Every structure is written in structure tokens, then in C-alpha cells.
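Both complexes below contain chain A, partnered by chain B and then by chain C.
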Partner chain A sequence: MYLIKKSDVLRLAEELGKTHDLYGPFMEPATKQAMFERVGKAADIDLAAPIPALPPKHALLPHYEKILAYSYDKKTQKVDLAPIYDDRPKALFGVRPCDLTGILCLDRFFLGQEFLDEVYKYHRKNLFIVSQTCVAPFKQCFCVCCDGGPAASEGYDLNLTDLGDTYLVEAGSEKGKKLAEAMGLAAADAKHQAEKTRRIDKCITLFDSVATDNKAWISRVMNRVTTGFIDEAVWEYIGNQCFECGACSFVCPTCSCFNIVDLPRKNGGAHESDRVRTWDSCSYEGYTREAGGHNPRKPVEDRRNKRFFCKLSYSQSKKYLRPGCVGCGRCQWVCPGDIGLPNVVTYIRREIHS
Partner chain B sequence: MMENGKIVTIPAVATIDEIKDEIPNVRTYYLSFDDKAIDGAFTFRSGQFIMLTVFGEGECAISLPPSPEKDRFHITVRSVGKVTRALGGLSAGDKVGVRGPFGNGFPFDEIKGKNVVFVAGGIGLIPLRSSIVHVLQHRKDFGRVILLSGSRTPSDIMYKYNMKEWQENCEAFYTVDNPTPDWTGETGFVHTLIEKAKVPVENTVAFVCGPPVMFNTVNQELMKRGLSDEFIISTLERHMKCGVGKCQHCAVGRTLVCTDGPVYTYRQIKILGEQI
Partner chain C sequence: MSYKPGVCTFCGTGCAHLLKTDNGSVDGVFPVQNHPVSRGRLCVRGWNIHELLNTPERITTPLVKKDGALVPASYDEAIGVLVKGLADRKANAAEEIAVLASPRSSNEENYLLTRLARSVWGTNNITLDSDSGHRNSLDVLAAGTGMAGMTGSLEELRSCEYVLVAGIDITKQNPIIGSEIHYAVRSGATLVTVDSRKTQIARLSTSFLQARPGSNKIVYAAMAKILIEENLVDFDFLKKHNDGFEGFANSLGALRDEDISAKTGVSMDAIRAAARGLAAAKSAMVFFSSGISGLDADTISYIYNLFLIAGKVGRPGCGVNPIAGINNLQGGYDMGVAPDLLSGFRPITDAKAASAVSAAWGAPISAKPGRGVHELLESGASKLTALIVVDHDEGIVRHAERIKTIPFVAYIGAYKNPFMEYATVVLPIATYIEDDCTFTNTERRVQLSKKKADAPSGVLPGWKLLSAIAEKSGSKWSYASSAAVMDEIAKITPTYAGISHAKLEGTFGMQWPCDAKNPKGTARLSIEASKTFTFAPVSGSFEVPKPTGDFPSLLMIGKAQHFWHQNNIMRKTSIPLREYNTTLLLYPDGYVDITADEAKAAGVRDGWPVNVVSAKGSMRVQARVTDEVGPGAAYVPYFIQEMISEFLLENVDILKLGEDATIPVRIEKV
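On to the complex of A and B.
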């Protein structure tokens, strides 16, 4: 455990920026929203910015990514295949605990199942994560009911906790420890640890008064989502409100469905193509449409309940080793149909269908 | 490159050695891997599939119709969309890409000694062919072996060149919905053959593949005769992108067709509770 003066905390980011592509939160003037993106310099980072509009998952699973470049010349029958792996060192500075939990879900899903996702593995290889404890919730948050926050317990290289005029710096890995030592940070003691605990407790008590947008008792519905004991009419009611826009999937730290298409290379030769992987959403009608037009999941409610199955069922939890929702509240925030996860949980709990 | 006997990420280049017309719009492509090491090492189980790349167009999931033993490596593909139509435009000597084999495969060890009934509707024979050939190669390990194949017209019968051999080695029945004057086989939908063939239900397992309507009627008929849904086995088809459990397009209930399937029992399919 170490300490760093508040006015010095971005020196850590600056140091990381020397060897990594630096990502962090900042207020975007044009949209007046908090974003978590690559920054030009450490000073652009604003650790006090609210929960960013999009989680940092794009650093590991970009919206649009070339994964294979190839060419096939039919005249000579020559095939060239060149996989594209991105192992650039990236540092995510100031990640919120919910979003860190999201990354851990992605890790377990992409690296822990029967097959390992090679593309993701490379993105993850040289990643440095600096998380920060939330000392107060935002209006939309319900991480406390999903075990997604407000403090990170694993998965970070360094974790920051705002203690007033200093940050408590905890190392979660050898890499993190090395950096803290190299920066010559002062040692923290039990008193600082106790202050961190006090601040987390305080944060949790604030949920009632501050995090007023969303409440979701997900434990009350997990069993029913898993076993399917939910009235069809409830799903229809939920489905009927969905605009099939896909926003919920794109803002979710744990949604990772993707599409793959092969495209002719832009400005490339006649035989050159790129295999591209892009974000996708199970809310789209084309998501399950088969060649020839048959669609086993045609009605919107059959598609809409999939998302909540992924977030809330025990079967899916086995892949993440925890629930698939981390309680960030983003889907509720963006959904034009008002069927973000917390509302859906409420509909299921109360069997609301009209 | 192969990992645990599978080509997982980067397609291996294969050459189309020969193309055979099957029925209108459906062709069989005999393939061999350009890398001799892969050609020697590539093995699979009946019921598994590959991800086929048509260069410049994309990838799609394709079953493996050959028997895992003593059979030429080939695929049979119907031209329906972007990738499969482009494949239809290729000629012998052209290159394609292959990843796989993926999926669980048929449970042959569990069904030794049983009667085996294959019921295929149209190109449903493609995913079943591997098992049919396999069972006939090990004829002594099984009880009665029955093949019921239904097609729209006589010119829609798949693998016609295997017909004679199959009729000699098992109880094979072919039916068409719309006969031509020279048709000497059965007429009517394939489920009507179940009665005609006196399909047993004791100690029996049925493999059923075909379009959704056919699948449902055949299963109802088999169950009416007393065959348990545990012993009706099929493969599911889903829009699929990666083949290795990551893109999630092929989710059916809590399972993924690419890694948990494509072979399911009818009981499993019913429990998963999604449309076929």
C-alpha cells in the first residue's frame, strides 16, 4: 500500500503513458458526457469525471477490428493469410470497479472456455489496469446488488482510492508493485486502509439517497430466469417496448457478441480482403436469421429475453463466474424503450405485463 | 496451424480437387489440404462440422458428410446466399479455407448394438451421410439399420450414387412428394415410411435431419409409436460466425450449437425451448 498526493496522481498516468497507449476518463466538451478513450497526454485525464458513457471494453474488443488480412489470386492460385493481432501495451487509468468487473467477465469468457480467443488474448497481453474506488455512487448505479462495486477486489494492477488530499494506491500485481516502487511512492499504513473502508461504507449508505434511478434485486429473479418460470406475457410486454436499436448491448461492459464479415480491402489490390469483426446485438432481427430467410428467433420477445438470460441466468454465470450484470446502469440510461436491466428485473419480480 | 487436432483461428488452405453436381443448386466438393501435415492429421467425428472460407466472400458452417474412416474428404453445399453462391462459382483447382473440425458429433459409442433408423428430408441427408457410411462400415455392431429418405422429386434425391449400395446393405426406402412417370420408389412424405418400414422402437435410436416441418412430423410419428425423445437425435442449424463459442450467434437456450451441438437429442431440444 502506498500514498500519492492528489495533485501528483496523474504522474502515474504520465509514467504509464511513456510505455503504453494511455486511456482514461475525461469530459468531452462537444457532448458534455464523460468518455473513456485514448488520451493525448496524462493531463487530459479527469479522475473526477462521472461514470463514462461507454465502458472501456473497446480497448479489448474494438467496435470494428480487422483480424485477418488475406489475398487470393485465382490466376496463380496463391493464397496469403496474415492474422492481425494487436498486443500494443495499453494502460487503462481510472477504471470504475463495475467496468473492471466487466473486463474480468470478458476475460473468463474469452480466455476461459473450451476455446481461447486469440484476438482477445493479444489485446489483453500487455494491458495495465489502474482502477479507482467509487467513493460516491451516481444516479444510475446499482453495483451493490450485483457485486460489481463500489470497490474493486481483484483484477487491477493498481487501485486508487480518494482519501481527501491523497490517494491510497494498492498494488494488485507484480507489475503494479514495480511501478509504485519505481515512482518512489510513500508507504501507507493501517490507518489509511481503515479510512478506505470507511469511505466505501459511506459510499454504500449513499446509494439510498443518491442512486435513485435504479434498484434491481437481481438475486430475486436469477432462479426464475434460469428455470424459465416467467409468464410469456411478461416477455411479450418487455419485447413490445424494444426498438431493436442495440444500444443496450453496445454500452454494456459484459456484452461481447460480435459479427464477422470479409470485405474487399479499402484501397487494396484486386485480390485483397480483410476479415473484420464488429460489435453485434442479439436484439437485431438479422442476428439469428439464417441463409434462405428462416429465423428461429423471429418475434422480438424471443430475442429480447436472450439478453436478460445472458445477464441473469445461472447457466451464463458459470461462464463469467458471477452474474453477467455488473450494475453500471448504462442500459437503463440509454434504452429508448425503458427496458434496461433494472426495469426488466422489476417486471419479472412483480409479474408486470400490461 | 493445428491446436489439439483443430484449426481454430486461421483457416488452412485447401484445394478443390473435384466438383460433383448433386441436385439442382447443390454440389459436392472434394477437398485436400495444401499443407500435407494437416492433410495427414485432420480427423473428425461423424456429426462435426467445419467453418469454410470462400476467399473474398466470407465464412460459413458446413457439415462433414464423409465417414471419418476410408472416405474421400468432401463437403456438400447448397448455394443459398453470399458465401455459398460464391463457392458454387468456383472450379476444380481453386482454393478455399477450412477451420475445424468443431462440434460434438454423434454418440456412436453409446448406441452400439441398437437398431439405427436414419430419417432424412431433402438435404438433411448431408449431415447424416457420415453416420450412415460409418454405421454401414461397422454393420455388425448394430441391429437393424433403416434409412428413410424423402425428397421433393426424383431429381432432388441426394447422393444418388450411394443409393444402390445403401439399398443392398440396409433397409433403405426412398420416397418423393411429386413422382415422375418413371419413378418406381415410394410416394408421399417421409414420415409415412415409418409405418411402411415397420420401424422398431425397442432398443432403437433414430437420427432425424431435415426442414423444421418434416422434423416435427417425423418426431411426432416416432414418439406415437413409442420411441422416447431421448433416442431421437438430430443436428441443429443456426446462423454461426466463429464456430468456437465466442460470437454467440448460434445460442439455443443455454447452449451454443457450435460447441455444445450441433448434435442434440429431441428431448434436449424440447427442454431448451426454442424454435427449431
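On to the complex of A and C.
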């Protein structure tokens, strides 16, 4: 445990920026929207920016990414395959606890199952994560309902907690410890640790008055979702409101659906192509429908059902080692149908009560 | 910080987005939370727009046809071919030259295209592709209120108390407007949907009036009649602001009560409740489809008149709202892209306006309205010999045979498409992210989209290319930038007088009229600004298509709703394309929607092949059994054009009518 003066905290980012592509939260100047993106320099980072509109997921699973280049030589009939791996060292600075939890879910999905995702693995390889404790929630947060925050307990290299004039700096890995030591940070003691706990407790009490947009008592509905006993009319009610835009998946820190397409290379020769991976969504009809075949999840309500099974069932939680929702509230923000996860949880609870 | 703000250019909603543009590739998109309309949302198209912007199918070099094949050329050579082709026809330009403009082009591009057509090439034959429905709407609203555009404001929708969705599949066509309607309902508004198909918005409605195909107009007329009979007319409002109420009221006499339910299939009680709800609400908006096909002028007139007598025009939270399916359809009309219009929706016969325009252009323009390009293509008698097409969608493919016979065809566009093959000369232009430009959404909101990427090497932005064409034709234009083009638009267009790129920068747009009186624009038509509202003339005819014994079902042809399916730019994406075509995976031969009862009567099940037989021909498709259509109705999506085009060609007169047009058919088991 270390301490760093508040006015000095971006020195950590600056140091990381020397060896890493630096990502962090900032207010996009034209739209006044908090984003989490690659920054030009450490000073661009604004740790006080509200929860960013997009989670840092895109640093590991980009919206649109070339993952393979291939060409075919007609004469020799040779196919040349060149995977494109991105193992640039990246530092994510000021990650919110919910988003860090999201990355851990992605890790378990892409790296923890029978199939190891090579592309993700390379993205993840040289990642340095600096998380920050939330000392106050934002309007749409409900991480406390699903153990996604407001403080990180694992997965970071360094974790920052705002103690007023100073930040408490905790190392969660050897890498993190090395950086803190190299920066010559002062040591913190039990008093600072106690102050951190006090601030987290304070944050939790603030949810009542500040985080007013969403509540989602997910533990109440998990059993129901897992057993599948929810009345079809509830899914129909929810499904009727889905505009099939895909946004809920795109902004979700734990959603991992993707699509693969092969495209002729831009300005390339006749037999040169790129394989591109893009975000996809279970809300899209085409995502689950096979050519010529019968779609196992045809109606839109069934696809919604699928999404919430993924977020809220025990079987899925076994894969993530936690619920698939970290409580960031973003899906509620972006949903044209007003059926973000918190509302869906409400509708399922309503059904349980009746 | 690679996410840069801009505007989604798929549909007329004009949602704001942030595009991730790195090293010439567009690697992602994200919504903008503070935009007053889109408020942090995008639809399936908007969320995947980078797939289009990254397509390898760009036109990257000018092409000239030599010995029957298109070969690369320099701009200089290609522009030379175009200029010569048109100069040869200048003497008879009004007969021989026509320009098909695009509702996707920016305001600056479309404005300059009208300048080229009228002042350089000497023709007023200039039309927006896929235009008909929107023109009908603008004509009715301009004549009635003086505002040639949506009279309401989308920002006020959330506080609106009563929403009427008049036959628009809005959650598919303009999803984010559909979302705002949904929010209004969730905050307590009453939503009434009148349609022949049970769309998603119908399912989300407080009340859904499923009218028989071809009878929707009667529902609006009946609502008006009920308001008058029950004395629910806003007489205070009418006394001050109306012209023509008596005439309209009298014309409703032809609609007999006992016919209403019989013709529409909707109960009088439901219509009465809908009418009373409209009268009782403090604010009300109506939404209907515009563009591609949209509604016919008569139906729009009844809708507008209904809102007038309810006193729901020009007041807070009120609006008669034609919804443009394509991003800059409204802007295209604002720029005067029509045979008979100058910018600002002024008739070309308006001598004062015309002289200001020709003074700015330093060249005379003809006061004689031109002819519509579709009309010229359809008429065997037309003397058309040169056609210039910009960035076309699929609307003109039905004229393919005719176009092949036109000696000189030029294509100007950013993306490759099959139409290029007809061209004598092809000129590439930059896309909207490769230069500064403005677009006007369906609620008259003019938004600036800044340059975010470089065009492929050597490819010119539209304003530069059009200037170069003018110059080679002997007219020296002196615009230094696209912003300078907007300055000239502002100078000669009263509704845009206060608009400039500098003023738009850093804002989420301004709604016209924007002038000295309204320097920040005008969100909504207001009673204060327009003293009188005039009732729209109506036909007084309440005929409905009658099925016969041989052809007992009324077939609807879905055009607007399915526009995106066959759209040339959608074909350059992966995910939206996949989504628009998923139904084809289950119904690879195309489908006709019929009710379960109808299917039973025909002895078929979902997915079985059927013949759809009309008096003029038949087509074979698969049956899709659904509750989306009502009894006696059937529905075919137009997007499966390849499969059903012959059938539709035989019924081509129907296709030209509005969305509510029908063909009597019978469904036969194969």
C-alpha cells in the first residue's frame, strides 16, 4: 500500500505511457460525454469524469478489428494466412470497478473455456490495469446489487482510492508493485486502509439518494431465470419492446458475442482478403439463425430470454464465477425499448409477486 | 481520442454518433448522450455504420466508357467527357437533359447540383430519387401552414400527451423516433396506431385500429367527423387561425356513419375513443411515412385537417409530422431539388426569388418548371438523351431497360453499384466523413458533420467536383470550401438565412427557419408566427378497394418498410444486411403474409408454396402465417424484388400509388 498526492496521480499514467498505449477516462470536448479511450498524453485523463459511456472492453475486443490477412496465389495455388495479433502493451488507467469486473468475465469467457481465443489472448497479454474505487455512485449505477463494485477486489495491477488530498495506491500484482516502488511512492498504513473502507461504506450509503435510475435485485430473480419458470407473457411483454438494435450487448462490459466476416482487402489485389471480427448481439435475429435452417430462437422474446439467461442464470454464473451483470447500468441508458436489465429484473419480480 | 462526433446518415432521424477513425479506417461507432433527439441511442443501422464506411467497394478513380468497357481516366478527361456530352445537347436541354439527385447527398452538394442543372446545363429536369411521398407531405403542409416541413419538434415528443401513428412502421423505418414515441407512452401518453398491419408500434399502442387495406383514410375522416358532431372542435383556435373549416366539414357529409365500420373493419367505438382522446389531450402529434412511397396527398390532407380542427397545430407539444426515411430527403427539398422549386421550397415561377437566385449565380435560369425524371423515364414520348445520376438507390432500377437506350449516362457517386454499368462516364466523390457538410433531418434540424478522414487518394469532395465541372463548362465558381457554399445558400434562402457552418459547429444543429427573427432556429411551428392555417382541399371520396369473389383478399405491397432491404448501401454492410435478410433464410422464395384462417382455407401451412393470383398475373412465394395482417388482407414485402418483380410490373399502376394501395388477389395452394 502506497500513497500519492492527488496532484501527482497522473504521473503514474505518464510513467505507464512511456511503455504502453495509454487509455483512460476523459470528457469528449464537443459532445461533453465521458469516454474511455486511448489518450494522447497522461494529462488528457480526467479521473473525476463520470462513468464513461463506453466500457474499456473495446481495448480487448474492438468493435471492428482485422484479425487475419490472407491471399491466394492463383498460379502456385498457395494460400498465405497471416494472423494479425495485437500485443501492444496497453495501460488502462482509472478503470471503474464494474468495468474491471467486466474484463474478468471476458477473461473467463475467452481464456477460461475449452477454446482459447488467440486474438483476445494477445490483446490481454501486455495489459496493465489501474482501477479506481468509486467513492460516490452515478445515477444509473447498481453495482451493489450484483457485486460489481463500488470497489475492486481483484484483477488490477494497481488500484487507486481517492482519500481527499491523496490517493491510496494498492498493488495487486508484481508488475504493479514494481511500478509503485520505482516511482518511490510513500508507504500507506492501516489508518489509510481504514479510511478507504470508510469511503466505500459512505459510497454504498449514497446509492439510495444518488443512484436513483436503477435498482435490480438480481438475486431474487436468478433462481427464476435458471429454472425457466417465467411466464411466457412476461417475455412477450419484454420482447415486444425490443428494437433489436444490439446496443445492450455493445455497451455491456461482459458481453462477448462477435461476428466474423471475410472482406476483399481495401486497395488489395483480386485474391487478397481480410478477416474481420466485429461486435455482434444475441438480440439480432440473424445472429442465431442458420442458413436454410430453422432458427432455434426465432421470436424476439426468445432472444431476449437468451440475453437475460446469460446475465442472470446460475449455469452462466458458473462460467463467469459471478453473475453476468456487473451493474454498470449502461444497457438501460442505450436501450430504445427501455428494457435494460434493471427493468427486466423488475418485470420478472413483478411476476413472482403476482 | 479517436472518437469524433458526427451525424448518422442512414435515415432522416439524424442521430448523433461518435466515429472511431484511425489511420483511414473507421473502427467503431458510439452514440452521443447529449443529442436532443437520439439521446445516447442508435438503431441497428447506426450501430454498424462503420461497416459501410469501411467497404472496399468504393469508386476510387474516374471511369470512361471505351469500346463498351469502363476504363480508368483522369478527372480532367472524365469531366471533359461529361461537359462535352451535355454541351452537345444544350440547345435542347430542357427536353434532352435530366438529373436524378440523391436524398443522401449533403445540402451543399445538392444545392450545387441544382446550380449546375439550372444555370450551366440549362435544364430544370431535376428530381430527388425516391421522392414522391415527401413531396406530397410538403405540398400539403406548405399550403396549409407556410412551413414546408414537419411542423412539430422531436424534442417535445416526450411531453406530448397523445400520439397518432398513421400507418408508419416507425420502429423499423426511423427506430429512434419510434423509441421517443415509446418513451412518451411509458410516461403516460396515449398512443393510437392506425394501420392495416400489426407492426411493433401497433403492439406497443394504447389502442390499435387495424383498418382494412386501402381504408386508412376513412378512419382519419371519421375521427374528424366525430369531433365535429360531438362538438369537440377547438372553435377558439379555429376562429383565430383557420381558413376553410366549413368546406371541410361539409365534405365529411359524404361519409355515412353506417359505412365507416363496414369499410374499415374498425368499430365505431374504437374510432370514437380515438377521436375523443385527441380532442381531450393538451398536446398531440401525428407521424406518417414520407418518401419512397409514403401516403397519397388526399390521406395526408385528411390527417392535417383532423389535427387542425382538434387545435393541434402550432402549439407546444403538437405537430403534423411526415417522417423522412432517408437522411437528407428534407434537405434535398430545402435546396430546391425538384423540377419546379428553388431553395427554401419557393416555386421557380416566383419571379422575385428567381431573380435573386440568378443574380447570385450570375446566370439566367428558366422560369418554366421542368419535368420529373421518373416521369421522363416512363414516358415513351420523352426526348431524353442524357441522364446524370448521383448516388442512386434502387428506385430507378425498374427503368433499367429504358436507361440502357439513353445515349449519354453519367454517374456521380462514392460507392460502386450495378448502375455504373449503364454509364458513359463515372465520377467518384468523397463520402460524408471525408469533408465538412450539412444534412437536414426530418424535423428540419440542420446538422454539421465535420471531416474525419481523408478521401481515397485524389478523390474530390462533391462541392469541388461540381465546381470543376462548372469551370470546364465555362462558368467559374469561386467557393473556397463547403462552408462557403452554405454561406451562399443562406444568402438566397430565407429559411436558411441564419445558418452557417461556423454557427453550427459545436452544436447539435439548428432547425429552420433560422433567420434574423429566429437566430437560434425554430423548433416548432408556432401559432404566433403563422397567423392563419388553411384547411387542405380534400377529395370527399371514400371509395375503398373491393375484393371480388375471384380475388377475395387485398394484397398490400410493403415499400417504405422494406426499403432498407434492397438498398444499395445496405448491401455493403455485413450485420445490417444479414438482419434485413434473415426472413429470407426461412422463406427463400419470398413470402406473402396471410392469417391463420386464410392459410387454413387455402389448405397450406407456414412455409408452404402458394400462388398469389391477381387479375393480371400471378407469382409463386411461400406462405408466412402471421397475426400481422387482418382477415381478408395479405402482404408482400417489396424487397424481394427479384422474385416478384414480374408480378409487380404487371400491376405497376398500383406501385405508383401510396402505401395504402392494394391489389385484389386470391391465395392458392401449389
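Everything that follows uses one rule, which is that the second predicted complex is superposed on the first by the 349 of 354 C-alpha atoms of A that agree within 3 Å, B and C clash if a C-alpha of one lies under 4 Å from a C-alpha of the other, contacts with A are read in each partner's own complex, and residues count from 1 in each chain.
Note that in this section a contact is a pair of C-beta atoms (placed from the backbone, for glycine too) under 8 Å apart; a residue touches a chain by one contact, two chains touch by 3 or more.
All of these numbers come straight from a predicted model, not from anything done at the bench.
In the superposition on chain A, contact is made by A:Asp280 with both chain B and chain C.
Touch criterion met: A:Asn259 reaches chain B and chain C at once.
By the touch criterion defined above, A:Pro336 reaches chain C but does not reach chain B.
In the superposed model, A:His271 makes contact with chain B only, not with chain C.
By the document's definition of touching, neither partner reaches A:Arg322: not chain B, not chain C. When the shared chain is aligned, chain B comes close enough to touch A:Pro83, but chain C does not.
On chain A, the surface patch touched by chain B in one complex and by chain C in the other comprises residues 259, 261, 264, 280, 289-292, 294.
Partner chain C is touched in their complex by these residues of chain A: 26, 28, 30-33, 35, 37-40, 44, 53-54, 58, 62-65, 240-241, 243-247, 250, 259, 261, 263-268, 278, 280, 284-286, 289-295, 333-338. Residue ranges of chain B in contact with chain A, taken from their complex: 8-11, 13, 15, 53, 55-60, 80-81, 84, 93-95, 97, 212, 237-239, 241-242, 244-249, 251-252, 254, 259, 273-276. Contact residues on chain A toward chain B in their complex (touch as defined above): 68, 70, 72, 74, 77, 79, 81, 83, 109-110, 113-115, 117-119, 228, 256-262, 264, 271, 273, 275, 280, 282, 287-292, 294, 296-298, 302, 306, 309, 313, 315-316. Chain contact summary for the complex, chain C toward chain A: residues 1-5, 16, 18, 20, 25-35, 40-44, 46-48, 50-51, 54-56, 58, 60, 171, 175-176, 178-179, 182-183, 186, 200, 203-204, 456, 506, 574-575, 578-579, 581-582, 585-586, 588.
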